[in-house]
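Two complexes follow with subunit A in common, the first pairing it with subunit B and the second with subunit C.
Our next item is the complex of A and B:
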């Protein structure tokens, strides 16, 4: 069975291989995406973000467990380098989750940060497509909080869950840093701890100031560790999904996702081409002028741009 | 006094304004860099990287204090979102350092993560150029460890200092994740703690396996908190600098830096152009085909690439 067929059949070894191709910039990855893209668009993609220590991984594990128990196939992409799953980037492709009963229906992959800067955004998007083509009903993407990761989860997922824990000093900072705008759903994890109610009230009062119409992000108190309230998170995600479908927003999001896929692919290609350009002998002379401060990088960038980019 | 003149005169308000322009993608930032680039190339750029909790910020503060006491002007760019300096991204441009005696000769700026993904690499590079033009003798760039930040400090600095603390579980992982290759100098911080000797021995034995010729990265035990051993870090940086100068490697690095400056500027421009392309009506129809899975993002990316990128 070749890798493309394997992915379409949901074979985990083929999936792992395909994601590695995409990570390494192997052209077989691009070929595979072309072939399987027609089978994508069915999975529901949920992003989970929040500060390290908020308990995202435990929550992800619980959500996956509940969804798998309902008979769904769940793919998990851990993009957070501080995630306990991320050992997998070094230890191997697949990590056993600590409390997922139905591991057979759950696939976990941590996205390594090897490869070019900016590449993680592209590889995460393409890994989502691969899991989608492989027939996963749900794809959970775990990332660290806004601005702490290359990957903006809001650009990857249909529903973005912001996970917080009470008494974490950086929560207020996180709110200011724009994380409030991206949450479709807020989870106060570790809700058995002191300060959970206050944190929930704070978030609700900030949300009330927002001018957003249509969807009002719920704030849920959960203890992933003790497995309380996790079912309500799934309910809220389902409600948000229904809202997106009924309001027509899901279609808008799907266009946006396709656009971002194209953008990331083009970006990688243009960066490659630009690197090739910069290695050309004619450019070397210009570069030496920049080094000697007879020119500047903007002037050289202008010149390369004019030569390479067609006015359309 | 206009901002360009202000930067060249070392005026901190002008510097802050200029960096903000660069961060916001304001065209005045590009104009400014063009004007001041001729005055750059004099500063010595040191990158400091390591896991959160290794005590990078304290070490940076100590180094800056010692350098300032010797009469040097020191600019600090904090790119680590978990850095205590980074409150500055929210609270204001300039944060008072906690133990820098000669604050007048030290300028601190935390680089915000607002703006486009991948942008932090560009803005950090350009902020370094601005500080360089402003007459800072030393520029210290603080980032989180390899793969945990968008910014690869090795691409920004002449000397890269890897900061570790004993007993941190992730050190071994960090070593495997490629941080060993980028260090010109290893600092075991918090060396008064148990395990410092073992950590130093571990790193030294890994370094001995390396095939590198020329420079052999020293491993230094330091307590930034207690201010012991920090002078030896500066000595080691000076030794590495001498090595780079005498071996001709500094010139090679300077060409590389100029190239990366051009690359980042071009990248930002090409991404902007690509986004504009994707918004064109003709592309919208193609995009809808991707959404409907009659096409795929690679095919559309190919087509836009062919139309836009001139074969040279």
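Our next item is the complex of A and C:
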């Protein structure tokens, strides 16, 4: 199987293998991205984030179902936390996506965070590029259950949907920095439950305090489980997309994303390089000096950094 | 390069008993593997498709309904049809010993019955995953 050709032809097995490669930092993944990057930039990327249990997976499944029914190809990247102890993970988003999992034109891939703390996996953005090259019209990226500062999804998606459920905090919570600032639209899910109207009003009143001009994030009440209001979410995403196109913001975002693609690769290389340095036997003596307070972490970091540069 | 073993824990057929599957999922996670769980009552078609989409190294099938002789080989056949020949397919659940040779002939690499220590199964996976890097 030629994986690159397979990806470009939209072959499921090739796409799956390609994502494994980039996730593992396999050099074949890098080679593949080189070959297919020219075919990316066509998909529309939507991020979905929100607290654990807010209903992200269920909503993603509903959105994918509706988009697929309209004839679109939909790729889903669903991220769940990896264990900080074993490095393993239970990737369970799929359980709530089974109705749509086998629909034609829908591909779902579960990813562990593998040590990243921003709500995604470090290679999620590269996995997005693979799905883009494979011809998916829509790519839905679901974060781990996010608290307040897991905002990486904003660097991956054109439109970010923040999913909330009623009864999850007062309006001061909603004023805080972080996740509340990245929403291009807000979904109050489980709107069949008590408190949905109040939650929506609170979010709306907080959003009115924002000085941002141009786009005003709508607040939508939805029940993903009962499948009500989901079509409105798609309409709102489409409206945000038109806004980005007409205002020229989409082009700005695309420059930003290209820059971040490069930055992510650079970061991974730097981390690998410095970790290798840090594990060298020669460094252990220096490390012991830090332990015994005869040296300090900045001094050691400086010397490792200089040596890494000299080597490359 | 950091390679992780990815395991699909799947419940084919109509039985709704997934305590064992969940215990295994947890043990695999604790052993550093990435585990995708299908939930109960899945068809062999669903399981094979998910295995391919998720590019797993191992498919661990659990069945307590007695239909393993039909369901397990069917999963293997579907995987082969999709070109996924390099996945390790294992079975577990309430499986009479006399059925084990039949299952092994049909592509199930090993069968683990009730009472098997978790460490045995984890060790089996670690030594038998042969995926080219």
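Everything that follows uses one rule, which is that the second predicted complex is superposed on the first by the 254 of 312 C-alpha atoms of A that agree within 3 Å, B and C clash if a C-alpha of one lies under 4 Å from a C-alpha of the other, contacts with A are read in each partner's own complex, and residues count from 1 in each chain.
The rule we apply is simple: contacts are C-beta pairs under 8 Å (C-beta built on N, C-alpha and C of every residue); 3 or more make two chains touch, one makes a residue touch a chain.
Nothing here was measured: the structure is a model prediction, and the numbers come from that model.
Using the contact criterion defined above for the overlaid structures, shared-chain residue A:25 touches subunit C, although it does not reach subunit B. Taking subunit B and subunit C in turn and counting the residues of subunit A each one touches, the greater count comes from B. In the superposed model, A:310 lies in contact with subunit B only, and not with subunit C.
Contacts of A:207 after superposition on the shared chain: neither subunit B nor subunit C is touched. Shared contact residues of subunit A, touching subunit B in one structure and subunit C in the other: 82, 87, 89-90, 112, 114. Across the complex, subunit A is touched by residues 1-4, 6, 25-26, 28-39, 42, 45-46, 49-50, 52-55, 82-84, 133 of subunit C.
On the side of subunit B, the complex with subunit A involves touching residues 30, 33-34, 37-41, 52, 81-82, 87, 90, 112-114, 117-118, 121, 146-148, 150-152, 173, 176-178, 251, 254-255, 258-259, 261-263, 265-267, 269-271, 273-275, 277-278, 287-288, 290-291, 293, 296-301, 304-305, 307-310, 312.
Residues 1, 12-13, 16-17, 19-20, 24-27, 82-83, 86-92, 94-95, 98, 101-102, 107-110, 112, 114 of subunit A touch subunit C in their complex.
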